[in-house]
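Below are two complexes that have subunit A in common, paired first with subunit B and then with subunit C.
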Partner chain A sequence: MRGKLGRKPLLLALFLALLFLFPVVYDNGYVLSVLVLANIYTVYVAAWDMVSGYTGQENFGFALFIGSGAYFIGFMTQYVCPVSPWWGIPIGGLVAAIIGLIIGVPCLRLKGPYLALATMAAATIADRLVIIFSKYTGGEDGIYGVQFLTNSPITDYYASLIFMIGSVGILYYIGQSYIGLLLKAIRQDENSAEASGVNTTFYKVAAFVVSAFFGGMAGAFNGHYLGYVGPDAVLASSLSLNIIIMAIVGGTGTIINAAFGAFVLAIVGEYLKMFGEYHLLIYTALLIGVLLFMPKGVFTTLFEGFSPKDQAGLVAKGGSSHEHSGS
Partner chain B sequence: MLLDLLIGGSVNGAFYALLALGFSLMFGVARVVNLYHGSYYLLGAYFYYTYSVLAGFNLFLAAFCSLASVVLIAILIDKYLISRVRSSGTTVMILTLGLASFTQYLVRIVFGAKYLSVRGFVDGGVDIMGVTVPSTRLLALVISLVLIVALWYFVRRTPAGKAIMAVAQDGLAATYMGINSSFAFTLTTAISAFLAGAAGIIVAPFLTVEPTMWLFPLIKAFAIVILGGLGSLEGSVIVAFLLGYIETFVSLAISTNLREIVFLAIVFIVLIIKPTGLMGKGAQS
Partner chain C sequence: MSILEVKYLYKRFGGLEATKNVSFTVERGEILGILGPNGAGKTTIFNQIAGAFAPTSGQILFEGADITGKSANVIANCGLARTFQIPKPLQGLTVLENVLIPCYSERIIRILGNRKAAPDWARRVLETVELEHKADQLVDRLTHGELKKLELAKALALKPAIVMLDEPFAGLGTQEVAPISAAIKKLNVEQGLTVLIIEHKLKEFMKLVHRVVALNYGEKIGEGTPTSIISNPLVIEAYLGKGGAAIANTGN
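After this line comes the complex of A and B, so read on.
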């Protein structure tokens, strides 16, 4: 196992230590806010990867889950009572999980382009409903007055960091467990997995619900952080697209690589803003370049370079299945 | 009311059919879901604006040049970008979606985010049994119908068209019969870009020309093709008109706002009840 992972855990630990020490060394409000958003995006993408990367069933409307978590908090604040982040974030996750179950059960019979269309349609319906019923939802302007996460940028930063590490850690753990293995088996050949006695529908729906749960929590987290819930922040179709871009650039199917992709791209995307109106152009050009020249994703390609024993991913697959049969 | 519905629905339906046919052909022949399809439509409208308004060409010359430009861009993208990742359906979807966003941002930088207006080939209105229909819409209907029939004639009656359909049925067998499948891909790309570009030109005078105009037509074309059964041209045309009438009915009877929702809800429900589409023969994964 140590041979398989190579220097990866060490690098990861170093990286996380750096993130924890960062505000002590460099306490800058703007930089911290960029990092908080990067942490939130990391959770979005890791959650997306749970379904889409592992089972190969791309969700083109992930913003629906993020939005349902966030908007629930928004509606609670506006019509019932302000919710504290301690309650808001898990409740947002639960609401999204329920929506994930409702959407997931019928949708997961669909594959490839059919699933892409269905998820895209579901998310676009939600987005349009918010605009049409703007009297209740605030429309384009969204809902203000959501209770803030904490009172200072530094505590916000640490909250988001812990939230990110916890969420990605749990998702990674699920991915490494036998559940992840089953999901990968479904991606390889669903019929064979079914024939081997795996209840593929159950695992696909379960993965969908888990993915929705973390997406919803991160959406609610975003709402609490900004004190605001609006279509541009948590529901727009460009958000769904952005999540796919980040996951693909990082490399899908391992949680960690996609998460790295999100973290780095969220920061890159923010700093590209200095190019003004060109920033989205450069951003999409980056995606196109990665798709054409590193189809497995930047970090998957990089990490393969770090561990030379891992020849063409073959050893990794054999190794991980061995590891699971042993445990 | 009924006449409004009939005429408005036909115009919408013909426009959707024009968009969906190229998308369907592309999927049938090359087995790729080309999410850049909506951008052909956008490029058609923007090139038409460039040639007719900025360059001051005669309208017919402008239309011709726009179509040529769109087709050229489509062929270049297919040859140099899409062909590199064609083996993976998902990568093609994401690549083409990325390219579509890229085009949107490029267009926004070049032309600005504002709404542009272009002149139609004809002015005024035509009176049909008491209902005044703008001539541009009527012309859009006529041109769409002509193009749809021409496409049908092409794929069913001409050797090149039959070759394309042969590749769609079974690429390998078609290759054994001596059909050049990479030429079939190029030809299909050109046709689908031509149809979508033409749709952009004929509706540009009465719809908005702005950088995000590609998204909804793309979702609609995608939905129509899937509901009609992937790869079935007849199914696409029938569903396109059906949805054209339903949308017009909803916007006349209830509200224009709800039009898109009803459309998407139908898509979602049909997908869940009958995943292979209304006229699909069965999914082949």
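After this line comes the complex of A and C, so read on.
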């Protein structure tokens, strides 16, 4: 696109090639499991960014979508029949999308802190309901016996890698299309976007539903990977918060930068555990450092450095320019 | 049939009556000016017509159809475009990308036939406001005058039947006003574009408009040709002052 992206596509290709080759070089079960979770987190955060990064409508209860996708396959396993991942993941996404639609229509009338509170409340209510109806949901123990993704850590890893690349790719493509432009226009000034003939409600709800769909798929993916669905893994409010932190650290509003943030932080977070009780202290110190020195996000700042220089005021911001392929 | 009919438009914000039963009509192909001191209710009238908020009572007919209380995007898609006093462009994107936003509206996609034609249409609109040479520049680098042109381009990109301009010359020097004023005049003469304009730069305003509606404290206090409006005692008292009437007069 325009050939103005600088070295970014090359770096991205190199990075993906590394991820594909990694298990060939270093086949370690623990490391692969960390990477699988990083891939899943990457999809969570990219999906969150579609709504919150582009339209500026911050969702503080994203775990609701993840949980609804995951618990759908949990309930199916418990009460109907075990579902294969081929069905469980897309249908989990659809269930979350429907919940996104139900929540999105009333919630998107709210702005700023009110939207944040409403989404947070919705996710908290779902979390509490799982505990209250523990007879049916397994409560804090969750539901076991969900069909596993594949039979080996290596195929699990490749499945998660392909799922991550596919999901982030689609979300990135939407962001680069005219839809991304209209969503950004809504973020900047909703009245002005309306005056330009943009049906802001439609686009906001649509973005919310797409975001929920990918969140739900990733939640169901997580359920199949662990063979288990429980509030700690897919519904906890700390999960929603972690997603926001990862997106902000990576850089919001471009999909890809937030996705990188998620991938890196998920791995860093895991490896910091070797510092025992200090790990949260170090993690938090890192986050504060990022917010202080790179308020736009680590990868937004880094990629700006890789782009051609903005000398004549011409477009040099590869990541945020629009393709307008008209699709 | 008048292209726009505003009937008994009344808007109350709590204890404030922003517009009090204002009525006027806009004929096809005319440039109608709205004049009045700050707080007279000019922008409030625009906001009600454009659907930013609904009137408390009253009716707005556009090409005979009742558009009262319809949402802003529906009204824009009918062909009634508006600009804002303070331009709020999308920072970090180019001039072209900013003009593309209205080009992806239902109305324009319907007119163009497909979405792929949108960038070409956006470039043509930029030509009409003489901003095509800046198409690929970031909006962050535009001057205030260029931002005003961009704001006009965004409204024109909707290929409107009426465009409502809220102080298009505010904050501009005489040299910057001339090309915008010329572009408006040209669109009006060549394409029959109907224009509704609010403006405090009286000299340029009076040169441009065919007819004027004057407001004060939410009420219509006068209506007529520029010449008749500047000799209207109510308008002189409320807005022009004696010196102002002289300035406005030089416009003719």
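Convention: the second predicted complex is superposed on the first by the 307 of 327 C-alpha atoms of A that agree within 3 Å, B and C clash if a C-alpha of one lies under 4 Å from a C-alpha of the other, contacts with A are read in each partner's own complex, and residues count from 1 in each chain.
The working rule: contacts are C-beta pairs under 8 Å (C-beta built on N, C-alpha and C of every residue); 3 or more make two chains touch, one makes a residue touch a chain.
All of these numbers come straight from a predicted model, not from anything done at the bench.
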**Study point:** Partner chain in contact with A:Ile288 - subunit B first, subunit C second, else both or neither
**Key:** first
Review point. Does the superposition put A:Ala185 against subunit B (first), subunit C (second), both, or neither?
Key: second
Exercise for review: Name the contact category of A:Glu304: first (subunit B only), second (subunit C only), both, or neither.
Suggested key: neither
Exercise for review: Once the structures are superposed on A, label A:Tyr278 by its partner contacts, choosing first (subunit B), second (subunit C), both or neither.
Suggested key: first
Exercise for review: Report for A:Glu270: first if it touches subunit B alone, second if subunit C alone, otherwise both or neither.
Suggested key: neither
Exercise for review: Considering only touches as defined above, state whether A:Ala193 meets subunit B (first), subunit C (second), both or neither.
Suggested key: second
Practice item. Tell me which of subunit B and subunit C touches more residues of subunit A. Key: B
**Study point:** subunit B and subunit C footprints on subunit A, overlapping residues
**Key:** none
Check your understanding: What part of subunit A is in contact with subunit C in the complex they form?
Key -> 178, 181-182, 184-185, 188-189, 191-200, 310, 312-315, 317, 320-322, 324-327
Check your understanding: Which of the residues in subunit B end up touching subunit A in this complex?
Key -> 27, 33, 81, 84-85, 88-91, 93-95, 97-99, 101-102, 105-106, 108-109, 215, 219, 222-223, 226, 230, 257-258, 260-261, 264-265, 267-268, 271-272, 275, 283, 285
Point to revise | Sites on subunit C touched by subunit A in the complex | key: 50-52, 71-73, 76-77, 81-82, 84, 88-94, 97, 100-102, 104-108, 114-116, 118-119, 136-138, 140-141, 154-155, 157-158
Practice item. Going by the contact rule at the top, pick out the subunit A residues touching subunit B in the complex. Key: 56, 58, 106-107, 109-114, 116-118, 120-122, 124-125, 128-129, 132, 237-238, 241, 244-245, 248, 277-278, 280-281, 284-285, 287-288, 291-292, 295
